[in-house]
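Next come the structures, one after another.
Two complexes come next, and they have one chain in common, chain A, joined by chain B in the first and chain C in the second.
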Partner chain A sequence: MTTFLQLAVSGIALGSIYGLVALGFLVIYHATGLVNFAQGQLLMAGAMTAYVLLMQLDLGYPLVLLGVVVVALLLALVFRYGIHRPMVRRGAPTENMVVATIAFGLVLTAAAELGIGNTRYGVDPIFPGAPIAIGGVSMQTQSIVITAVAWVLVGLVWFFFTKTLTGVSLRAVGLNRTAAAVSGVRVSRLITVAFALSVIVTAVGGALVAPIIGAGPSMGLAIAVKGFAAAVLGGMSSVYRGMVAGVAIGLIEMLSSYYISSAYAPVIAYTILFLALVLMPARVRKSGATA
Partner chain B sequence: MSTTAIRTQTEIARPVRHGSRRAVFWAEVIGSVVLLALPAIIPSAYQLRLLQDVAIWSILALSLTLIFGYTGQISLGQAAFYAVGGYTSAILQTALGVPAPIAWVVAIALGMGSALILSFPLLRIHGHFLALGTLALGLIVETLLVQLVPVTGGHDGILLPGAIHLGPWVQARFPYIVVGFLVLAYWLVRNLTQRGMGRAFFALRDDPDGAAALGVPVTRYKTLVFMIGGGLAAAAGVLYAHHTQVVTPEAFGFGTSIEVLLIVIIGGMSSRIGAVIGAAVIVFVPEWLQFLQEGENLVFGLLVLGILLFLPGGLVGGVRSAIRSLRRTRTSGEEVSA
Partner chain C sequence: MNVPRPRRAALAALALGSSIALVGCATAGSSEAQSGGDTSSEGPVKIGYIGALSGGSASLGVPIQHGIELAIDQLNEAGDLGRELELVAVDDEADATKSAAAAQRMVTEDGVVAVLGGPNSGTVLANNPIITGAGVVQLITVAQGDNLIDPETPGADLTYQVTENNSYDVGAIVQLFEDGAYDAICAVSDTTEYGQGGIQTIRTVFEERGLEIATAVSHEVNATDLTPQVLSLRDAGCDAVYLFDYGQDAALFMKTVNQVDWEVPVIGGRGLNQAAFLSIAGEAGDGIIFPSVIDPEKASAQEFIEAYDAKFGEDDDPAHTFSALGYDSVMLLAAGLEASGFEGGEALASALEDVTLEDAASGKEGSTLTYTYGDHRAPSDDFLTFWTIEGGEYQLYSRDVQSTRP
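Take a look at the complex of A and B:
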């Protein structure tokens, strides 16, 4: 039972990160209809930034988080104004946009390999020290931090989308761009806001997860695929459903790798993604095809 | 994404004009003959090796060009079928002692069969979701290659010494087989994408509903293309296994699926010759830029972004539109003088 609870705690923590990736992915998807395949590499950028600032430059965690947000903001601007907007202006078809996000991810990975080095680096947790034990279940502090911060971020994003004028306008852009523009919404600027929000959330997720799984140029893909799986499993719709699906995937992964086989645990996550896509209701599939 | 927006970019894929069609045909014939003769002309073993690299990547890229470029079904898991070909052929020959030609036929048939079976779930989804689905598929296959150690040999892979399995005589002439396969693959894709069928492919890519309304059997064509693409990728895998004499999971993973995609984009998305040109770029550029070593992916990533932004038809599309604009200025000049 203790083992089970310990696995559950780390599963929920890891799953919350998958949920954050799903969240970042859905924010761009809803605003523009673009599926961003560079989401995992953006998470990697967050983790690597945290590694450089924390381990190489010896900055404190508040500065590290600030640095991660700044880097994320810069990447979002490059992504939006260097790639996304020019391509939309040229009327690029969906497939080209997909390839462009993949190429962007490739560039980020290659840049990290060249600039920092192609290994998995260890990153210190926010609160160093021994794991805390509650009722015999010992937990890494970082797991608790991850879960708490991830859910607070989701709450903030929810607040942004439902209670602020910018957030509501952004939802309007996702629903009907022309109608939003006619109502005086500055569509282009809001899409940039969506990109910034998405990249910041994902990069912070990377900084959070780095103390547990390390930071390395090739860490993005595995996490991104589970994030995509969470988004699809959550019906590509609301923020919290993707989060719940992410936690579910994290739990399944942790438990199956312990009780079934750690070698085949990734296959289970990939199969979930495959089945969720194929068995997705036609309504969701159609909305994706036209977006 | 409106259909008009799509058309502006796929304009590059317009069927060749009547007058130049014959010229293109003869260029293709001459090109094929030259290609078949190349292994005899090339003196050094090193260059011969590069030629085979280009040919194998070209076959793999042709499979994706057919699926992605011509019918718009984006696949991020083409390496899965490549793996089916390479591993089936290697396992049959090493573990079961099946003669090479039979193993090749079985491997290619299995590639087509698995593509056919997978087309039923995969063709239910479109666009980004298809990209995600094929990505998941490729990753499942990659993980299985690493983990099913008794069958695949795990990270060590399977050794396939050419002298034993092909015999020294065939082994010495293997480059001819590789370029022969490329020529066959090229003409297969060419004949499939010519005339009415080729236009039906473009139609179902740009507007599936419209194509269906005009009587194009959309699902049947998509399945057909998927199956042939799977077979071509498997054939490339078969050749790769003999070329390197070993199959390991790294060669058949996500990186390979992405590299094929880059080849197709660099060469030109809906261009047969673009697949070959793209393959040549991805093989030769790292050879020329030895000093870059690790920066290779950075260069290719930036190159692809640049092509997507400024030259969406790839290298071939760029040349084509340059020729067209030359021709246009010439004809308009004649009209002025007349």
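Take a look at the complex of A and C:
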């Protein structure tokens, strides 16, 4: 039982990161209909920023997290005003913009390699110290932080989308952009808000996971793939479903690795996900909006 | 063909991304077309290096390149060779397809006299037939696969391995497991060519020595969580672990062992000589033992380390294992080139078969790097030392290592 609980705790922490990445996918998708395949590299950007500020410049964590948010905001603005909006104005189809997100991701990876280095770097945890053990189940303090912050962020994003005028307007943009514009909603500004929200959440996720697996230019892809799977499994419809799906993937990965086969755990996890997608009733996949 | 403006914008964005990404893959040196093997008598002699300079394996591939650069700088500065050496380096990102494409370009366009192979066995297996097929010599710097030197393959006459192979390392490490008299030795590796080939070698060598691997677990490379693997081994009753992993995965394994408070002796593979391992594991790596090619009491190793740290900094390759092998690869090649009159191909291959390096940066004091006719694996007996981690720093564990050529 202790082993099962240990696996479950680890799966929840890991899945919470997938859920955060899924959240990043969903926010932009709902505002623009765009799947942002630079999400993994944006996670990497958060991790590398944390590494530079914490390990190279010796700043404290409050300033590090502030710096991560600032860098994320800048990247979001570059993404939005340097790539997305010009392409929208030229009438680029969605698939072209998806290609542009891939290019943006490549640029971020190359920039990190050239500017910082191309190995994996250790990053100190927010609360250094021995792992916390309760009843034979232990967790690194950083894993506890990851889980807590991820769920708080999901809660805040949910609150934003359901309880604030800006969030509700953003949902309206996602449902029907023309109708929202006619109703007086400032569509362009709200899309920028969506980009900022998405990139900040993802970059903070990168900064949180860096003390566990290190920070490096190539770290984002594997997490982003699972985050995308979580977003899809959640129906690309709501933030909490994406988060729950992320945790489900994390749990399946952990449990199948231990109880079935460690070598084939990713295959098993994705097979289960595939079956879930195929068998899931269409009304579940299609129902709900961002909240 | 007319391309709609929006599509052109997307293609331009992708091209920009690709071009910037490829900066890391840029070659140093011209792309003048020449046939494989340098035959010119003037100008610098071009040496190729194909290795992972980005991605997960870059923490091995970059120190190798730095070692190569240091050797070339020193040789050119001394001027004893009579010709200058010039490096043509290409990033294969540890991808076999890209490695093969890089090899094709090197032997058909760059006119390199020889190619130094990188850290990954899978990429060397992919690029070696192209390099040797063009009549160009390849020296494998760091990749350890037992199958990289195979007399039955067509390019065997032109292929040389600078480093010791997996069987050599495992043969030395096994003494630690014998000394411990463990009841259940278990192993962990990734699912790559390196990891699975390593596990196969471990099983074979262990069987020859009357030992066995009780349980082996795998994981995808660059894992994000290794809790199931650690718990699997703990619950299987393992009382010693052979950690055959690269740095970042090995670091995650050790952190997880530490997290679940499992006190078990862990003995690692040579992949732990990476800055990434030390950086990520920190003090969670304390106590682990692993093989190295660095002997701190050897004068030539001391000189190399001093020169390397002065040029690239102490944190660039704190264990110096991979950079030393890159450095020695150039020294071996330079000796061969001098003997062949800077001719490549068969002339260089033949010259290399009489080369011995007695003052190499790698290897324990008294060992040599030697090629002979029909034996293209350089390390002599007693090449290895054992190292450990103490207080988050690399420390020599023992020079008393019995290592023999398999």
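Note that in this section the second predicted complex is superposed on the first by the 267 of 291 C-alpha atoms of A that agree within 3 Å, B and C clash if a C-alpha of one lies under 4 Å from a C-alpha of the other, contacts with A are read in each partner's own complex, and residues count from 1 in each chain.
Following the convention adopted for this analysis, a contact is a pair of C-beta atoms (placed from the backbone, for glycine too) under 8 Å apart; a residue touches a chain by one contact, two chains touch by 3 or more.
Predicted, not measured: the structure shown is a model, and the values here were computed from it.
Visitor: Which partner does A:273 reach: the first (chain B), the second (chain C), both, or neither?
Guide: A:273 sits against chain B, while chain C stays out of touch.
Visitor: Using the superposition on chain A described above, determine whether A:144 touches chain B (first), chain C (second), both, or neither.
Guide: In the superposition, A:144 touches no partner, neither chain B nor chain C.
Visitor: For A:92, select first, second, both or neither according to whether it touches chain B, chain C, the two together, or no partner.
Guide: both
Visitor: Taking the superposition as given, does A:252 touch the first partner, chain B, the second, chain C, both, or neither?
Guide: Neither partner.
Visitor: Tell me which partner A:73 touches in the superposition: chain B (first), chain C (second), both or neither.
Guide: neither
Visitor: Taking the superposition as given, does A:106 touch the first partner, chain B, the second, chain C, both, or neither?
Guide: both
Visitor: Could you look at A:118 and tell me whether it touches chain B, chain C, both or neither (first, second, both, neither)?
Guide: both
Visitor: Could you tell me if A:131 is touching chain B, chain C, both of them or neither one (first, second, both, neither)?
Guide: second
Visitor: Regarding the shared-chain residue A:263, is it in contact with chain B (first), chain C (second), both, or neither?
Guide: Both partners.
Visitor: Share the list of chain A residues that count as touching for chain B in one structure and for chain C in the other.
Guide: 83, 86-87, 90-93, 96, 99-100, 102-104, 106-107, 109-111, 113-114, 118, 263, 266
Visitor: Looking at the complex, which residues from chain A come into contact with chain C?
Guide: Its residues touching chain C are 3, 6-7, 10, 13-14, 17, 83, 86-87, 90-93, 96-97, 99-100, 102-107, 109-111, 113-114, 118-122, 131, 133, 138-140, 209, 212-214, 216-219, 222-223, 250, 253-255, 257-258, 262-263, 265-266.
Visitor: Mind pulling up the chain C residues that touch chain A in the complex?
Guide: Those in contact with chain A are residues 5-7, 9-11, 13-18, 20-24, 53-56, 58-59, 62, 191, 217-220, 222-225, 227-229, 231-232, 235, 247-248, 251-252, 255, 258-261, 274-276, 278-282.
Visitor: In their shared complex, at which residues does chain A touch chain B?
Guide: Residue positions touching the partner: 33-35, 37, 83, 86-87, 90-96, 98-100, 102-104, 106-107, 109-111, 113-114, 118, 221, 225, 228-229, 232, 263-264, 266-267, 270-271, 273-274, 277-278, 280, 285, 288-291.
Visitor: Provide the residue numbers of chain B that touch chain A in the complex, in ascending order.
Guide: 1, 4-6, 8-10, 68, 72, 74, 76, 121-122, 124-129, 131-133, 135-137, 139-140, 143-144, 147, 254, 258, 261-262, 265, 269, 294-298, 300-302, 304-305, 308-309, 312
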